Amino acid sequence: MKIDVKKIAKLANLPITDYEEEKLAEQLSQTLDYVNKLEEIDTKGVEPTSQVTGLENVTRDDEITNSLSQEEALKNAKSKRDGFFVVKAIFDNE
Amino acid sequence: MNYTPVIGLEVHVELKTKSKMFCGCSADYFGKEPNTHTCPVCLGLPGALPVPNKKAIEWCVMIGLALNCTTPLFSKFDRKNYFYPDLPKGYQISQYDQPLCINGFITLSNGKKIRIRRVHMEEDTGKLTHVGNESLIDFNRSGVPLVEIVTEPDFESSIEVVEYLKKLQQIVRFLGVSNADMEKGDMRLEPNISLKMTNELPKYKVEVKNINSFRFVGKAIEYEIKRQTEILDRGDMPEQETRGWNDEKNITVSQRSKEEAHDYRYFPEPDLPPIRFTEDQISDIRNRIPELPDEKLARFQKEYQLNKSQAVILTETKEIADYFEKTVKPGKVDPIQIANYIINKKIDINKVSSEEVIAQVAGKTSGIIADEGELGKLVKEAIDENPKAVADFKSGKENALQVLIGAVMKKTAGKADAEKARKILTKLLKRGLFPAFKVR
Amino acid sequence: MNNLYELTIKKARDGLKNKSFSSAELIKSCLDRIKAVEPKIHAFVTVCDEAINYAKDENLPLRGIPISIKDNFCTVGLRTTASSNVLKDFIPPYDATVVAKLKAAGAVIIGKTNLDAWAHGSSTETSDFGTTRNPWNIEHLPGGSSGGAAASVAADEIIAAIGSETAGSIRQPADWCGVVGLKPTYGRVSRYGVVAMASSLDSPGPITKTVEDAAIILQILAGKDSLDATTLPNSPQDYLKDLDKKITGLKIGVPDEYFDGVTEQVRARVEDALKLLEKLGAKIIKIKLFKPEYAIAVYTILQRAEVSSNLARYDGIRYGSTRENFGEEAKRRIMLGTYALSAGYWDQYYNKAQKVRTVIVEDFIRAFKEVDIIIAPTNPTTALPLGASKDNPMFGEMADALVEPSSIAGLPGINVPCGFSKEGLPVGFQVIGPQLAETLILNVAHQYQINTDWRKEKPKL
């Protein structure tokens, strides 16, 4: 199985070296070979399960609870100023 | 050559719930100190988990119902995965294949129906501010409930788009679920525009972002139609891309091409059990929908015999409609006269009480006192007799004016022209704020 | 007893009540033990050896009892790393619900235990802060990901430990270290504040010296949490009340499929255990279950898909360091998960795995119509030597083969030590029950334990 490791790494926002790229390509296809075993199981008409609790409609009332202080919120940040988190310029092309 | 514009719209409306979508932080973030409305959940700290706001879900359904949508009984949340510094978890909790509401419409004044594909619930991101070569991030907005309303590509002109947007804004305001204030970012819109010659849908689509007023959405669409027409006339195909509106230059600018597009890798949010409504719950939400603008418009015309343009003005906001009805209710004066008075005198409903309007309109029919000399005399008397109200006004309490107008009305058994009396009062009192008056 | 650190919760509680010793003495005993054996074992990432406060209320169930917490549970003001360099300086501003509940019960947290980085693995070899050693033979692995937790209990550095399991991370290291490990039903214990691995599977639970202690801790942790929407609303049962119940007539299902590829020594010990349970009145019934290898494939996809999304928040902006600092294993998992969710592959991998998950859930439901509980080896082998996980992208899955199916189905399971291999390494078996059958599996495990003496064996350190 051929995997475009560079493309996946970009999607995953993971910086990887050329060496890692090669190694990952090999290991990922090894793992995929294993999981292809699932093809052996007939799942026609079977609904997917994403949660096993059977719970539904778990919500909270619209009430305000305590927030962190600005100091607590920023405490673990490496780059901060005037109450803001700071990153290198990102041009808002979202 | 002649092309037909094909325009679709995505609108985001921020709900005015007290707390955020998935945590108990206050959702009232506008103008607050940065990063003071956050918690482990909306800051995306390790281990924090979302719990959905029941009211936000109900309001989203309410919006859908008001937009004539079908509301499937089963719905769920999904993760939309992408990276951006304002998105703390690296995914946005949104809805993918099973939104809360589907298949609605808004009818425009020309009778055309704009189909609404879906109305779904999601969470807002933080806010980025660019300063030099840095970006500052404030997460106060992160996790505020957002409702996304997506239309089919049914618009053919910017005029239709603007009308749709105004109607949508009016509806969510009537519902009382959002301030839908464009300037504050409570309402955000992204049109996608393309042009077609035949009956087939175009093979490209240009999305325009960063539009923050109804005026600009019209301009941006006009600009795009012109730009794309030129490209097509050259025999080329416009590029599929996202463009940003630049309101200084009045143009759209390419932001990134759609090819390297997003693969959002949606999957069902494992932290949130799905939602299942009963028919009763849905009809309960439906019953909580107040009278909407279109219904009110029709009723005002029928019940009060107003003409359409009067009814349109008096149903523009829920506040003015309520004011009108409150004034009509005592049954003392003719609704049409009240309507004319409110409209012609451009009555400020926050300053003039409905009793005053009734008195005015009633007075009008039996000799109103509008003579400036006579009124001036009465106003001066009122000023002399109410030193406290005068002092209050001078210390900045605008409401004190009301007391003085009331005094004038009393003297004339409600027959003074309140608007004129107000003008004279203001003139005299403002003059009093200058030193010349103080000498006395 | 001379060594307070060897006590169980039950015995420590009795001793404190009788004033045979004080909490301060008990805590000091554990801290001294940690000082003495940590150089060999390396079970802890952080030890809190400064002045320790604990609640004054003597009626609290864990008052003054030292507990270790796996380092993927947020502890307010106390560094929480998930054993990854990405979080090596992270000081949470909040407590995980489990931690808050333990503190409210009077427990004293004296350290954070090592794990495979991000709980990815079954060896602790992927920890960025060094491998934990198996107290029974320090040339062997303790298992993982809660390897530090299991080793801290086995080496008597602590009275009891808290771990977390996604698929095997409590039971497997408990097995390799010869202690009790309980993975509760998914949703029975809150995940709030536990660094998320695979959100639809993560289950916090106790690792203890005895089954009774596991029940005592579950009693404190179980219940709905308003901060975790996936916790079950059912009120917790009294997990201690049935411990002494006889197991006469109990139907124990034994699936052949779970003995495939199991070493001779493990098989022999587990069969001995089954014989004893039969002698205690249980009925052994052969049952058929889905082959575990399919569960491995399902787990591999689903877990990596959820991991790829759960680790997206680590961008170094609000806390922690940048994404370059992820270790090899985390990168591998993020990559595979991203791939399995990406356009064009979603249906083939992610959606298919979710469907087979349904088949596995139904397989257990069918089995539990025939039998009350299921017993199988916890692990195909005893603890493997150091280095066994290196460069094996599926090491964890293979080591956890026999616990993955029940994890995927969200079922409760408990590891109970049942002897030793010739080499002196512990062997255990697991008791798996239907959803929310914690009381029953604790009962069976306890009945086995009080009728055997394995728990009295201690590693020589």
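Annotations
Lettered A, B and C in written order, each chain numbered from 1.
Methods note: a residue touches a chain if its C-beta (ideal position, glycine included) is under 8 Å from a C-beta of that chain, and two chains touch if they have at least 3 such contacts.
It should be emphasised that the depicted structure is a prediction, and the values quoted were computed from it without experimental measurement.
Here B-C and A-B were compared by C-beta pairs in contact; the pair with more is A-B. When each chain is reduced to the average of its Cα atoms, B sits farthest from chain C.
The distance from the centre of chain A to the centre of chain C, each centre being the mean of the chain's C-alpha atoms, comes to 24 Å. Distance from the chain B centre to the chain C centre is 52 Å, each centre being the mean of its Cα atoms. Separating the CA-averaged centres of chain A and chain B is a span of 35 Å. The multi-chain contact residues of chain A, meaning those touching 2 or more other chains, are 11, 13, 50-51, 53, 55, 58-60, 68, 73, 85, 87. Of all residues in chain B, those touching 2 or more other chains are 40, 43, 51-52, 83, 85, 90, 137, 139, 263, 265, 267, 270, 272-273, listed in ascending order. Contacts with at least two other chains are made by residues 90, 93, 200, 226, 229-230, 308, 312, 315, 317-319, 338, 342 of chain C.
Interface of chain C with chain A (complex): residues 89-91, 93, 186-187, 200, 226, 229-230, 232-233, 293-294, 296-298, 300-301, 308, 312, 315-321, 323-324, 326, 328, 331-332, 334-336, 338-339, 342, 349, 351-359, 361, 393-394, 408-410, 435. Contact residues of chain B toward chain A in the complex are 17-19, 23-26, 33-40, 43, 51-57, 83-86, 90, 128-130, 132-139, 209-210, 242, 244, 255-256, 263, 265, 267-268, 270, 272-276.
Chain contact summary for the complex, chain B toward chain C: residues 40, 43-52, 79, 81, 83, 85, 88-91, 137, 139, 263, 265-267, 270-273. If you check the complex, the residues on chain A that touch chain B are 11, 13, 50-51, 53, 55-70, 73-74, 81-94.
For chain A in complex with chain C, the residues that touch the partner chain are 3, 5, 8-9, 11-16, 20, 24, 27-28, 30-32, 34-41, 43, 46-53, 55, 58-60, 68, 72-73, 75-79, 85, 87.
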